[in-house]
Amino acid sequence: MDIGLIINNLVHPPVLFFFLGMIASFCKSDLKIPDPLPKLFSLYLLLAIGFHGGVELRKTGINQEVIFSLSAGILMAIIVPIYTFFILKIKLDTYNAAAIAATYGSISAVTFITAVTFLQTLGLEPGGYMVAALALMESPAIVIGIILARLFAPNNKEGNHFSWGMVMKEAFLNGSVLLISGSLLIGLASGEEGWDTLKPFTKDIFKGMLSFFLLDMGLLAAKRIGDLKSAGFFLPPFAILVPVLNACVAIFIAKLIHLQPENALVFSVLCASASYIAVPAAMRLSLPEANPSLFVPMALAITFPFNIIVGIPLYYYLIMRTDQWIPLFWK
Amino acid sequence: MKRVVKVEIVTDSLEVENIIKLLEEVGVSGYSVIKDVTGKGHRGVRSGYEFADLFKNSYILVVGEENQMHKVVEAIKPIIKKFGGLCIVSDVILRIHRGDD
Amino acid sequence: MDIGLIINNLVHPPVLFFFLGMIASFCKSDLKIPDPLPKLFSLYLLLAIGFHGGVELRKTGINQEVIFSLSAGILMAIIVPIYTFFILKIKLDTYNAAAIAATYGSISAVTFITAVTFLQTLGLEPGGYMVAALALMESPAIVIGIILARLFAPNNKEGNHFSWGMVMKEAFLNGSVLLISGSLLIGLASGEEGWDTLKPFTKDIFKGMLSFFLLDMGLLAAKRIGDLKSAGFFLPPFAILVPVLNACVAIFIAKLIHLQPENALVFSVLCASASYIAVPAAMRLSLPEANPSLFVPMALAITFPFNIIVGIPLYYYLIMRTDQWIPLFWK
Amino acid sequence: MKRVVKVEIVTDSLEVENIIKLLEEVGVSGYSVIKDVTGKGHRGVRSGYEFADLFKNSYILVVGEENQMHKVVEAIKPIIKKFGGLCIVSDVILRIHRGDD
Amino acid sequence: MKRVVKVEIVTDSLEVENIIKLLEEVGVSGYSVIKDVTGKGHRGVRSGYEFADLFKNSYILVVGEENQMHKVVEAIKPIIKKFGGLCIVSDVILRIHRGDD
Amino acid sequence: MDIGLIINNLVHPPVLFFFLGMIASFCKSDLKIPDPLPKLFSLYLLLAIGFHGGVELRKTGINQEVIFSLSAGILMAIIVPIYTFFILKIKLDTYNAAAIAATYGSISAVTFITAVTFLQTLGLEPGGYMVAALALMESPAIVIGIILARLFAPNNKEGNHFSWGMVMKEAFLNGSVLLISGSLLIGLASGEEGWDTLKPFTKDIFKGMLSFFLLDMGLLAAKRIGDLKSAGFFLPPFAILVPVLNACVAIFIAKLIHLQPENALVFSVLCASASYIAVPAAMRLSLPEANPSLFVPMALAITFPFNIIVGIPLYYYLIMRTDQWIPLFWK
């Protein structure tokens, strides 16, 4: 594998700030980004990528590649939690298996953003519609996870308190889904002219805000690793291997529908990433039996750093390589 | 100056709205809420979460007549049993309140 | 009325983010901009427009138009609460009438900013001294409101606790008045050179910060509408009709003193806007008998959205039209 | 280990400074304040306001000798009567404090 | 419904972690913490500091069996004596808790 | 002294915002920048100057001037607290003398930044390695202060609780040291390319963020002046004279090692500045006997404003003047 890709990814300031955060946390420094500042950065990032995606989508319009990509995104958001669930059932009870499956079926917007940033250092820019894929892929896994739990749970005695309306609200109207989708629509509606208005805010300072946010992610990821001590030997490797598996499936599908390498990368990163915002929020009401001190640190302290540091360049390498393999294997 | 009962509740922050609805139904004269409470109990550590309004407790304080407070405790029991927390009661003297002396 | 004006206003990103906030709130989404982030945006906006206004004012200097505009502003800040008070007295007690009169006599800086943004999409830029008008128009209505309450209140038994010093402090030294006036003076003092220093902060990212703030305003405005359920049938229409009335009076005065259309627009918007920051703060001590769950949601949930969405293009339309009527009517 | 009286006050956040002045005048050994308290009472819901430091309560805790606490209650009564809230007292045991045992 | 003892502690925010360690050692069933508490005592005013997490108090609430709470008080005494604050105890009735009635 | 220098410094927007904050506080206005927004600004400033310094340091590389400057910085960070301690012992007990000595031996990053900004208005830019000097000068004085306290304290009965590991952690791993050093290393590692990525965030909006932060510093400095009422007659003049003394020593050393005037200025400003972030944090555990309501307001309410307003232009004037004196005195 081209070691230059990893290094190129690693000396990128936002990723370096992620390391700084991890180091600060390991040294037990008192460096801290107090609440609610992390929320400011995450709201900003969602607004900015949503808006940017919308403006770009208006430029390309809705063509075949767009429809194929979005369909593939929804497909993956449905099948990933299903096969992940059955892998997890080997070792875990139904509730935790379903919650972790939803976690890995849904996506992480910041992992997506880091992949876009990685591509930009290579001079590439993924299609704006990939932001639409992101928005579409956040919620379905939550619904699938809950359906799986209800199908396989011993006996649903808590059925009386359960309401599908609630589940749908949590899945499709949670803040992050709404902000990114809404910003995308605003970008679509306001187009180039709107872009000129907001560009200094949504584009120019973007990498700086991302660096700040990744500094905080580093602090938190390192802090949460300890939570996994009691998780046993199964889950930590799962939190690395399943993302790679999901990325491979995604790369395969990307080849099938002839995505450009840059779009294939962000697509595979979406599939490989795990949700630590929308899913925990939805699980509280829908699957209160699942243990958040398993699925949250898995996504945050293992999968997220893995994707940021190793995953993104690895998937890109695989995408560039399989251009040679796939034809052989295909014909 | 009046003997009243003080009810203190610690529970999941996201349940505060539901508890308040129940308090209104019982018809209390008022209540006070402290939002940012962390802690630990049978469900493990609850110290908040940076990315969502999760894993945090709130503290609710209600004072009122003894039998009304009894109704309050019964009304909120199912929520505390489901979402965790605790509820303690004690006797206090209400020294200043609107209209009282 | 030129429907294009409204549409042009509506597809402007900041206004679209206001809608997004309203929609999120109506859907009961958990999207939220936690405290004190809204304060960050509002402090920023005050600092930025104050500073910009000061720099511009230094360029134009103090000429006749400036003096006329500022005098007209103060005049309106005095007469609006007076006639508003008597309209309100028809249905309300003295205290609430006085507080609402102060609310409508004072101004909303964000409504002003949105009007400036609207003009910029038309290629127009109002004079920097209009920011001075804004600053001057924030406080007088508070004092007038309190005077009216004391004149008409049944018997001032609470006189012993009341102090004019306190009232003046609340009216003229509240944070928002001080920040915008101070920033204006700093802009005046530092001029072009200071402008170059701060431009990327106070100008380039301005529309982005405004979008973020309006997102929050949308969330809050929608949430507060419910507070007005118990307000009866009089106040909601009042909260739309009185701003339009105030705007019309302002347009008339603007014509009299020959303001340029762009300055006439921001002047009428100032008069039409209602305060939801300075006034509630001043009322707590000065008119504690007034009910804040009337005057706050009126300003925030009705007048503000109305001005942002319909008012600004409407007043502009009226200004452009009356150029034809006024001469007829005048001679 | 000493029997003392605990005074708990909930009132408008903006009155905390004035109440503290009165506590100093009475000469209490200390006090504690929790700023962000929401609630509901005769004056309606008080859940804070995003644009100004308004419509929020604070909680004040003072412990001390019985007759001193009595003076505290009398001193703050006019403020609570004017700006709302309540004041409750109860007996507690002071287990750790500077110089005590 | 069970008679328990309620321990309330106010001390330097930076000592909360150390106090929690001691609570765990004594083996309490849970605890609750309110972080942002200001106040005044023998060490002067403690109203926080904008540039560092300093000069602020926290409030800790623990309820449990009488003799366990006695151990809690003894365990935390050295910290309170060193970093300031106070600890009061009182009797309350635990009305709702996991498994209890 | 060239009065133009002071005026030039004073009409600079960031300094004017500092005045605005002081005035607002003196007027008892309710203007306030609520927690944790001040933390956002201070984290931003540390990140931005660290990163900028690293990028610049990579350009110059490590030459003789760099090594001399950094050595001089460490030297001053060691000797300043020592002689300051003995001055303070005249009037104070050991613990307070040691804590105040540490305060004046350590540095204030915002004073440094204001000096850089002052130089930029004169068209000068200090070397990036001065940021490294800043980072190196933050911690030693803390260690020296504690050693002095232990040497001179009557009898160290609290020795059992004391741990050097703790002291070193507080001194070298506190958040502000770590963030600025880490950002410097990130700047070093990512160089020009990284700079292009982050420039709009770390440079363009920098002066605006600084203005906001100084507004808050003004509010706080004015508020803290009252804390010094009980401090007696010795400490307030100390808080002005000792910084000037430290600056003079620094200027002398700067001449010896032939620093350029711009580097000499920031060096002397570092020596003259007093810490109000790292030192109070370290003192809590290491010297709990020292009274923070002495050393915190001295640094924040006297030394900081003095340096910002008078000190910076004064030291610059001395540097330009001594170019003529030193040769005479030297030969």
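Read from first to last, the chains carry the letters A, B, C, D, E and F; within each, the first residue is number 1.
The criterion applied here is as follows: a contact is a pair of C-beta atoms (placed from the backbone, for glycine too) under 8 Å apart; a residue touches a chain by one contact, two chains touch by 3 or more.
Molecules present, by chain and UniProt name: A, C, F = Sodium-dependent bicarbonate transporter; B, D, E = Nitrogen regulatory protein.
Not measured: the values here are computed from a predicted model.
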Length of the shortest touching-chain route, chain C through to chain F
1
Determine whether chain D and chain E, two copies of the same sequence, contact each other through the same residue numbers or different ones, counting it as same when over half of the numbers at the interface appear on both sides.
different
Return the chain whose centre of C-alpha atoms lies at maximal distance from the corresponding centre of chain C.
E
Chain centre separation (chain B, chain E; CA means) in Å:
19
I'd like to verify one number: the distance from the centre of chain D to the centre of chain F, where each centre is the average of its C-alpha atoms, in whole angstrom.
40
What parts of chain D, by residue number, touch at least two of the other chains?
34, 36, 53, 90
Junction residues of chain A, two or more chains touched:
30, 32, 35-36, 39-40, 200, 204-205, 281
Which of the residues in chain C come into contact with chain D in the complex?
35, 38-39, 42, 161, 216, 220, 276-277, 280-281, 284, 288, 292-293, 296
Can you list the chain D residues touching chain C in their complex?
14, 44, 48-55, 82-83
Using the touch definition up top, name the residues of chain A that touch chain F in the complex.
11-13, 16-17, 20, 23-24, 27-37, 40, 121, 200, 204-205, 207-209, 211-212, 215
Across the complex, what residues on chain A touch chain C?
35-36, 39-40, 43-44, 47, 51, 169, 173-175, 178-179, 182-183, 186, 189-190, 193-194, 197-198, 200-202, 204-205, 281
List of chain D residues in touch with chain B within their complex:
7-8, 10, 34, 36-42, 57, 59, 73, 76-77, 80-81, 84-90
